[in-house]
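Presented sequentially are two complexes of subunit A, the first with subunit B as partner and the second with subunit C.
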Partner chain A sequence: MGVDQSVKTVSADSINSFHLNEKKRIKVKPFNKASLIIQLTIISLVLVTIYTFISFDYSDINLFEGIISTFQNVKIMFLEPHFKHFSFVTALYQVMITLGLAFLTTLFGALIALFLGFFAARNLSSKPVSAAIKGFVAVIRSVPTVLWVLIFAVAAGLGSVAAVIGMTFHTVGYLIKAYSESFEELDEGVIEALKASGANWWQIIFQAVIPSSMTYIISWTFLRFEVNFAVAVAMGAAAGAGGIGFDMFMASGFYFDLREVGVITYFVLAFAIALELIATKVKTNLKTSA
Partner chain B sequence: MQADVFVKKRWNSFIFLLILLVVTFVSIVITEFNMAKGLASLPKALQWGFTNFYPDEMALTKLPDILNKLRETVLISVAATTVGAIFAFLFALFGSRTTKVNGVLSKVSRGIATIFRNIDISAWSMILLFSFGQSALTGYFALFFGSFGFLTRAFIETIDEVSSSSVEALQATGAGYFSIIFQSVIPSGIPQMISWILFMIETNIRSATLVGILTGTGIGFAFDLYYKSLNYHTASLVVIVIVITILTIEYISNYVRRVIL
Partner chain C sequence: MTTLLQLNHVSKHYGNDTKALSDVNFSVKEGEFVSIIGPSGAGKSTLLRCINRMVDANSGEIIFDNVDIAGLGKKDLKKARTKIGMIFQHYNLVNRLSVIENVLHGRLGFKSTLAGALGLYTEEEKRQALQILGVLGLQEQIYKRSDQLSGGQKQRVGIARALIQNPKMLLCDEPIASLDPNASKIIMDHLKNISASMGITVLVNLHQVEVALKYSDRIIGVNKGSLIFDGPPNEITAEIIEAIYGSEAGDLMFDLGGQYAG
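Then we have the complex of A and B:
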């Protein structure tokens, strides 16, 4: 009896203390700077979005009708595509031109970026040089590709030359950032060991830096190739770079031929998805071999 | 044996370089790219840039108008990204290997995202131009579709990467689907997802320029207008304004990333 009582009181006590504890502790999500910033970011994004929808100029547009007609247009495009102003073979050739533009810009961009990337990496060059290159590259990157192409078009004339140079600019900006960051991940001890054994700068680059970051270099470059394909399509449409993008621009902007836009979209889609599949395959291959 | 490895390696790199050279040559021929002209046009472009491509006093009088257009572009980019992110999150939940409801739905949502991602923003804007005409909504929807496709892929990878073990742990305790989502997937994935959203906003502002040129809206239209009327001084002011905006947003998102990741 007495023992029973004490057990009861003990268990009651422990329940009480548990309840007390619950009021004070269990901060599953501690309030810190990170969660504050996350919440602030989300709130401000939502507020800006709501403000945008309120401030939209809906005057001469019927949102509902627009959405319905978009669906109809998309249906026409994808279900009734036809060739009118060019044939299958021409379309294929035009896609090849676009692919060629993407390839050339990626190649030139990668070569330049690889070279400058060594100087932009903090552990391979000096601090001021690295900061200068990174700052310069940030400015280059912040100008949209289409503006680069249009700016170069003034000097070189509209066409593939301006497109390749303009797109290369942006590619270089992007790849220098990607490359230099992967160089910086290299273990400091490796460089030190090579330096101690009397290796010069070029030997360090070729024996340590490139082999160890080859995986990153390849996957970033291929990613950029995918992006450049999309950009090359867009440049054909917006900056007269030729290729399938230009045909798309003509089909939609001049002939108002939705069905032809559909054909072109199928072409671009097929190549883009093929590139993505190859990229995924290359990445998994690199991962398993490394 | 070891010599064999090196020989093989050398052969591999030789073949790789050979293929690269052949493809380069074919590309140069097919695109009618002229190397000499390209190299020659670089100094020409630089010289032209220094003599013509800077804002003058006339351009500064257009600044309020440009800033107005810029405001429109930034707002649209942010709104398209946010709404795209909400949809992308739902599709990513269905598409991800750890949180999928069933295999068919997962394949379907991945497939939809793949199609949306791979139809380029420029194609979207031209398709939408038919229905919405020359209005801000055209740009908005084009950016929305692009962001949706890209963010779905990014979110699927994030969910798979971050939360597979914690989801398994919660499943073992018998937690329901929604409590798993709210207690494990969202808390562990949110910093990474916000980082992707911020990246998408940066990208969208850049693409908004392109969409603007194609559809006649926002800052892209402003540039196109001055560029085509050969008013290069004002066009350069537009470029400078875009650069400042993107650098600012990059700075803010880098700060946010540093704190939350």
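Then we have the complex of A and C:
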């Protein structure tokens, strides 16, 4: 009893004194270097934005008229679309080519990235190997996909070959990071358990690592597929890779036909939405079953 | 009974000054049930993991089944590990796989890389898995995903995975630390039964002194990486508990120690 009471008085005292000493407002977030830097960043961004708007050179463009005509163009694009230089079937065929480009690059990229991802994961590989792959991959990722395609176009010439190689390259870089990070989240104990029973590295990979991270692998791959579809459209325009992107480039840059650009935009949009729906469905199926 | 495991002057330190084990010596006979007790951070887990070299000891000999484990190459080490089953506090099952797939993982060490990677098991191995699951009372759960099981059931799957190796020894790292008393009793009864009926040596790390006193043939007390006590449960006294756990814990466990040791 005596011990109990003394403990209570001590704690009550300490709580009181704690409150008494806090005369200022009580902060919920501690003030540290990180929060200071975040606040400074936000303030400087706001300042830069204000300065940019003030110093804009509008020259002879009337801002109001510009906005109006933009809306008019958008209206023409989306409310009055028509086919002129190609038919519905051709457009569908061209979208399929673009989709094919996205599928092929994602497939190649995923296979290579899966294999290299095991060596890039810190818990499955040695430190120097992991660091080497991750460093190399960071360089690949920091250069945009379009640039990679143009770099490979030097050797392969502008066209679908350069697009496939360049897009695969960037996909590999992206997926290695995604895969290896999901492998690293794997419970260390599972690997330990299989190791302790005498299993070797490849057996652990196939029996523990892949089954455990299957959901991550699928969802990252799908995400990259969607990205690659968008990139494939751009590659058709920028790198002559064919597909719907090239038609869009012709419609806008060559024929100045806003209505046809509208049609193509609808096609791309429809396919992007369809992809998204399929991806969501696959993911939910994967989570509930097996 | 012959000696199965012998540790001679085993020491382990992490970094330069963190000593985990210092000059540990003991031996375990075939079929013995030995508990290792001691406070958190005393080196119990390190000691257990040194035996199958999940952790490499810095010095000393670990003779298991007449082979010095410490000196084995990669390939021989894998072979030796197949003879030692291991059971973990957090079960360490592959959650997304079924119970029987997890049990069959215990056979990977016996298989070729390809067959193991693809999960091609022989009928004989599958039959053995079913038989072990039956003994452990999991025949209803064979095709359930292992994350749908309760803690006690998961630990039984862990035991099944170790048993399908046909091991000579089981290393159990805090097998009941995450379980309720009821499941703990079931697990300890199974372990005791395995040791008694199959003649498999069982080495258990335990937090619960009373469990160690009840189930063990022998108790090893560890504190700060050194062996404090090595003997049968009836030689444990309040003084020894105090030496293992420090003075305050000695007070706390006085009744307990007295009751069993008395």
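We take it that the second predicted complex is superposed on the first by the 241 of 290 C-alpha atoms of A that agree within 3 Å, B and C clash if a C-alpha of one lies under 4 Å from a C-alpha of the other, contacts with A are read in each partner's own complex, and residues count from 1 in each chain.
Just so we're on the same page, a residue touches a chain if its C-beta (ideal position, glycine included) is under 8 Å from a C-beta of that chain, and two chains touch if they have at least 3 such contacts.
This one's a predicted model, so the numbers in the text were calculated from it and none came from an experiment.
Q: Do subunit B and subunit C fit side by side on subunit A in the superposed arrangement, or is it a clash?
A: Pair status: fit.
Q: Touching A:P211, do we find subunit B (first), subunit C (second), both, or neither?
A: In the superposed model, A:P211 contacts subunit C only, not subunit B.
Q: Is A:I278 touching the first partner subunit B, the second partner subunit C, both, or neither of them?
A: neither
Q: Output check: A:T70 vs subunit B and subunit C. Expected answer is one of first, second, both, neither. What do you get?
A: The answer is first: A:T70 touches subunit B but not subunit C.
Q: Contacts for A:L111 in the overlay, against subunit B (first) and subunit C (second): which applies, first, second, both or neither?
A: neither
Q: Once the shared chain is lined up, is A:V129 touching subunit B (first), subunit C (second), both, or neither of them?
A: neither
Q: In the superposed arrangement, which partner chain does A:Q203 touch: subunit B (first), subunit C (second), both, or neither?
A: Only subunit C is touched by A:Q203; subunit B is not.
Q: Tell me which partner touches more residues of subunit A in the superposed arrangement, subunit B or subunit C.
A: Looking at subunit B versus subunit C, the one contacting more residues of subunit A is B.
Q: When the two structures are overlaid on chain A, which partner does A:D187 contact: first (subunit B), second (subunit C), both, or neither?
A: second
Q: With the two structures placed on a shared chain A, what shortest C-alpha distance in Å links subunit B and subunit C?
A: Distance of closest C-alpha approach: 7 Å.
Q: What is the shared patch of subunit A, the residues that subunit B and subunit C both contact?
A: none
Q: Provide the residue numbers of subunit A that touch subunit C in the complex, in ascending order.
A: It comes out as residues 187, 189-190, 192-200, 202-203, 205-208, 211-212, 214, 290.
Q: Could you please specify the touching residues of subunit A with respect to subunit B in the complex?
A: 29, 33-34, 37-38, 41-42, 45-46, 48-49, 51-53, 55-57, 60-61, 63, 66-67, 69-70, 73-74, 77, 93, 96-97, 99-101, 103-104, 107, 138-139, 142-147, 150-152, 154-156, 159-162, 164-165, 230, 233-234, 237-238, 242-243, 245, 248-249, 252-253, 256, 258, 261, 264-265, 268-269, 272-273, 276
Q: Which of the residues in subunit B come into contact with subunit A in the complex?
A: These residues of subunit B touch subunit A: 20, 23-24, 26-28, 30-34, 37-38, 41-42, 44-45, 48-49, 53, 75-76, 78-79, 81-83, 114-115, 118-123, 126-133, 135-137, 140-141, 187, 190-191, 194, 197-198, 206-207, 209-210, 213-214, 220, 223, 227, 232, 239, 242-243, 246-247, 250, 256, 259-260.
Q: Over in the complex, which subunit C residues touch subunit A? Could you list them?
A: Contacts found on subunit C: 52, 54, 78-82, 84-86, 88, 90, 92-97, 101, 105-106, 108-111, 113, 116-119, 145, 158, 161-162, 165, 171.
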